[in-house]
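Which chain is which? They are A, B, C and D, in the order written, and residues in each are numbered from 1.
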Amino acid sequence: MRLDATASGVFVICPTPFAENGALDAASTERMIEAYLAAGASGLTVLGVMGEAPKLDQEESLRFVRHVLRRVAGRVPVVVGVSAPGFASMRALARGSAEAGAAGVMIAPPAGLKGDDAVVSYIAQAADACGDLPVVLQDFPLPTGVVMTAAMIRRMVEADPRLVMLKAEDWPGLDKITALRRLSDQGNMRRISIVCGNGGLFLPFELERGCDGVMTGYAFPEMLVRVRALLLEDKREAAHDLFDAHLPLVRYETQPGLGLAVRKWVLQRRGIIGSAALRAPGPKLTPETIAEIEWLLARVEKAAAAAAA
Amino acid sequence: MRLDATASGVFVICPTPFAENGALDAASTERMIEAYLAAGASGLTVLGVMGEAPKLDQEESLRFVRHVLRRVAGRVPVVVGVSAPGFASMRALARGSAEAGAAGVMIAPPAGLKGDDAVVSYIAQAADACGDLPVVLQDFPLPTGVVMTAAMIRRMVEADPRLVMLKAEDWPGLDKITALRRLSDQGNMRRISIVCGNGGLFLPFELERGCDGVMTGYAFPEMLVRVRALLLEDKREAAHDLFDAHLPLVRYETQPGLGLAVRKWVLQRRGIIGSAALRAPGPKLTPETIAEIEWLLARVEKAAAAAAA
Amino acid sequence: MRLDATASGVFVICPTPFAENGALDAASTERMIEAYLAAGASGLTVLGVMGEAPKLDQEESLRFVRHVLRRVAGRVPVVVGVSAPGFASMRALARGSAEAGAAGVMIAPPAGLKGDDAVVSYIAQAADACGDLPVVLQDFPLPTGVVMTAAMIRRMVEADPRLVMLKAEDWPGLDKITALRRLSDQGNMRRISIVCGNGGLFLPFELERGCDGVMTGYAFPEMLVRVRALLLEDKREAAHDLFDAHLPLVRYETQPGLGLAVRKWVLQRRGIIGSAALRAPGPKLTPETIAEIEWLLARVEKAAAAAAA
Amino acid sequence: MRLDATASGVFVICPTPFAENGALDAASTERMIEAYLAAGASGLTVLGVMGEAPKLDQEESLRFVRHVLRRVAGRVPVVVGVSAPGFASMRALARGSAEAGAAGVMIAPPAGLKGDDAVVSYIAQAADACGDLPVVLQDFPLPTGVVMTAAMIRRMVEADPRLVMLKAEDWPGLDKITALRRLSDQGNMRRISIVCGNGGLFLPFELERGCDGVMTGYAFPEMLVRVRALLLEDKREAAHDLFDAHLPLVRYETQPGLGLAVRKWVLQRRGIIGSAALRAPGPKLTPETIAEIEWLLARVEKAAAAAAA
């Protein structure tokens, strides 16, 4: 099952579950996959920024990818983040993922690229390194400092049919989504799938601006699924009510660096993964932070129930 | 009236009101001051990052500061942001502000400083350039890339009695507030005033972690005042309810670059300033963005009313 | 006397002479001007990166510019660096410089600009802020992180007739000079003047690649003048011999941050300025560094004499 | 043979030789090793910044390291650069290198680390990931933006006995070498080996400031060896004469990004490696650049002969 430009729905960004000693936790991986599929995921993404990808060595990365694909067994498409410091590593991971049945790869331009042409050229070379796999272009300037305008994205889309999806997580980014949609609506750019990220912080607006789906890993993916469904049913107030009920926790989970530890803690508390452990370097949650998460969970539960009522 | 380490309450970050043609808008400045004081501000801060300070030339900056101070007329302390590319400009603005009656100056380390010692040394030199004025240290790494740990802040506080307030807007930053409070609670650091910024995005938690106040410019400062009052009255649920009612707009207003345009638009719509104009370079709000702000305003109004009930 | 696209020769980047107490040193300024003109300067540039421009306040900047222009009295064109954190300050300095008789302004895109379009748009707005003054575009990515490709420079040149000169100091930058020359030679870009900077580190090659001149402040500007003359006379070996005799000191003077202190020290030792003082923040030369400069000066003198023989 | 704090001499930074098709070139690797040992190398360093390390995948890196160590066969110590985006990859490469007989590992703090404590903590964790191997700390802020003061280096040296060598390539960096030497001379820091890098651009001064050796990959390592020998024999003028004869080419080879292509081209022309090919992404030498290298080679040869006479 290969990704194409018609993809839509919620692609859940998967953390990489570790045991307390840092080893890959296979049982948690399987439980997590089942939980995400049960929550309504249309796809899964592994080894993204929030998947601690750089903390795995090459052999572990491939082992994890193969395990996920074997467990998913074709029920939904699986995208593999292959960003790496060089094309040789990227090629090795992409080839292994393709053999294991990945639906596509996700690539972000690396920090330090300067000038539009350097970015465009990098993405072209990276896509070549990934062979014929469909490509998700990740537009996430906050950690990388690399800005891609709508015009640049258009250049890349027009140049390479493998580029079938954009993960839009510029900040601010709403007007860029509108600009990209306008380009394809007016026939000035091949239409690709656009999914929003950013931890979901601007979710309902991003969908209303024209995103086909969501690709993020908020610890309650069923909320993402439901908000999208409500918008598709034209229930705008209900969609926003539900989202706003979760926003205090969404906001808490989007703290750079700390956010993944928060997310894993919630997933552990929900029984989805066995340990909230991160590999080093990574933050430790303080008692104060844990108390705030508990406070937020209690309030979100109440508010979400009220919103549903 | 000089700022000291016991300062608390809501210090509203003032935008600089411009007419449509870009000139300083004196009438709006006065209306804004009155609105902020009426909302319960304990202090005002002008020429901060959100005050478009670098877009004023030296003469305009001084003219604006003098005007504000004349109008406030000692009712609350006024802090002046003096961050400048060099100490000569900083000195000129600080001296003029002191003569006009400023309560203190706010200084942030400039982008590009590398290494803890360089930061500590810069702040010492900058404070000297500001003469004997009390200093607010702004800890805002997102735009500057300069990180200040609790240990570094301690070094600066211990070295310079002029440093009386910290504007804490690291992200994530909650544990740093706790660490700083612990340092002074345990007698390992002189106690200074800590106010939180970050557009208010983490407001109730920051106050609960030990902030003495808030220094931000959210377009409804009365909410900031009320949330703080509720927490002081130990009404935690009510405080969070009110804050969460505003969070969708708070989140929308914290978009880097775009946020100030959103804020000015709301202030104009509320009749507080005459024009939402920004000086170049600055973003223009699209019709889609304006529609989203309108949507958020309507919902915030309803939710805040519900929270108050 | 206004700068135009036919400008050539050596434009000496002037440091701003300070007395030991940090005040502007008028006598040294006049002596320096005469020394540079006597050395064969075709023009002068003030308030550049190496002119400590950000360390002057607005009034001082204008006073210094007026003084220089009065003293030069039309003998050569004078370019004024107007890079500033905002357009209002830039406008004030450009207007004052125009009134005093400046030949043009020099503008660099500020650190932090992301994406080609943002750079192009910034330069257009900055040129507008400078009125009708001819513009020197400074391409100096090392301190700013802003990369401008030949294609971007072409866009800006084609869009704005005020842009008459490029200060080319990308690193590496030789092939960009060739690319730009090819563009105008083949009729694909209006021909502008290109002068090289980078402290002169790649000087003979830059002239051979097609630069019309040099804009840097090496403490022996007569060497720059002579190397250019030798190349124009087709004496390539002699030009390189003379340059290579100076290269050990050129290299020592191009150390970021420290280099200006080295340059001022040599200028003071040559009797051109009265004090090597820099305004804070700035480095202090250690005894070891001074001994190395002395060693280099003695060797350069000997080697230059040998090269001339 | 393990590295220790008494190490000295010239450690040649080895490029990774590729065939035209990008494959590892085993024959060139062996020829290069023999050439470097014949030139007087006291040690070799592989997989550094100039070894295109990030362009190899994990399996290739280990294969290359094993090949080099087998060929060197204990004649000199071999240091392996293990900088990697995560500790798992670093651990895998370090373990494999240790098994193959590496003398130590070289680690640089990654771009993006903010604050002294984060750097110190990173290096401690990285050293742990490398097991008990001796560590060379690389201080190279130009590409990483991470500054390490003498005080920070002292902290790391005092904390970890595995840290036995510093590769000093800050820029400017001469006074830091003096400061570090003073610290150990005065008994305030354990004495470690300091080798200079920076392409050799400040070579004789760095040795005179107290460096025990050189770790760089200039295409004529015999010059580095000879300059050091002359200084040890107290022939200062002769040492500088020889170095200055090479300086025009040294300067040309230190152009960021382009420099490695220049170096490989010279090594190919000298018959040391079979192909100047770089893996993508990497620059291509233009005909103009090649002509300049040829010009420089001819002049260096003549000048070096004159210096030797």
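Going forward, contacts are C-beta pairs under 8 Å (C-beta built on N, C-alpha and C of every residue); 3 or more make two chains touch, one makes a residue touch a chain.
Values in this document were obtained by computation on a predicted structure and should not be read as measured data.
Because chain A and chain D carry the same sequence, their contact can be compared by residue number, and over half of the numbers here are used by both.
A comparison of the A-C and A-B interfaces places the larger number of contacting C-beta pairs at A-B. Note: centroid distance chain A to chain B, computed from Cα atoms, is 33 Å. One simple way to say how far apart two chains are is to compare their mean CA positions; for chain A and chain D this gives 39 Å.
For this pair, chain A with chain C, the centres built from the Cα atoms lie 47 Å apart. Contacts with at least two other chains are made by no residue of chain D. Those residues of chain D lying in contact with chain A across their complex are 52, 54-60, 84-89, 91-92, 111-112, 121-122, 125, 279-281.
Those residues of chain A that touch chain C in the shared complex are 114-118, 141, 145-149, 151-152. Listing the residues of chain D that touch chain C in their complex gives 171-172, 174-175, 178, 201-202, 205, 209, 240, 244, 247-248, 251-252, 255-259, 286, 288-289, 292, 295, 299, 303.
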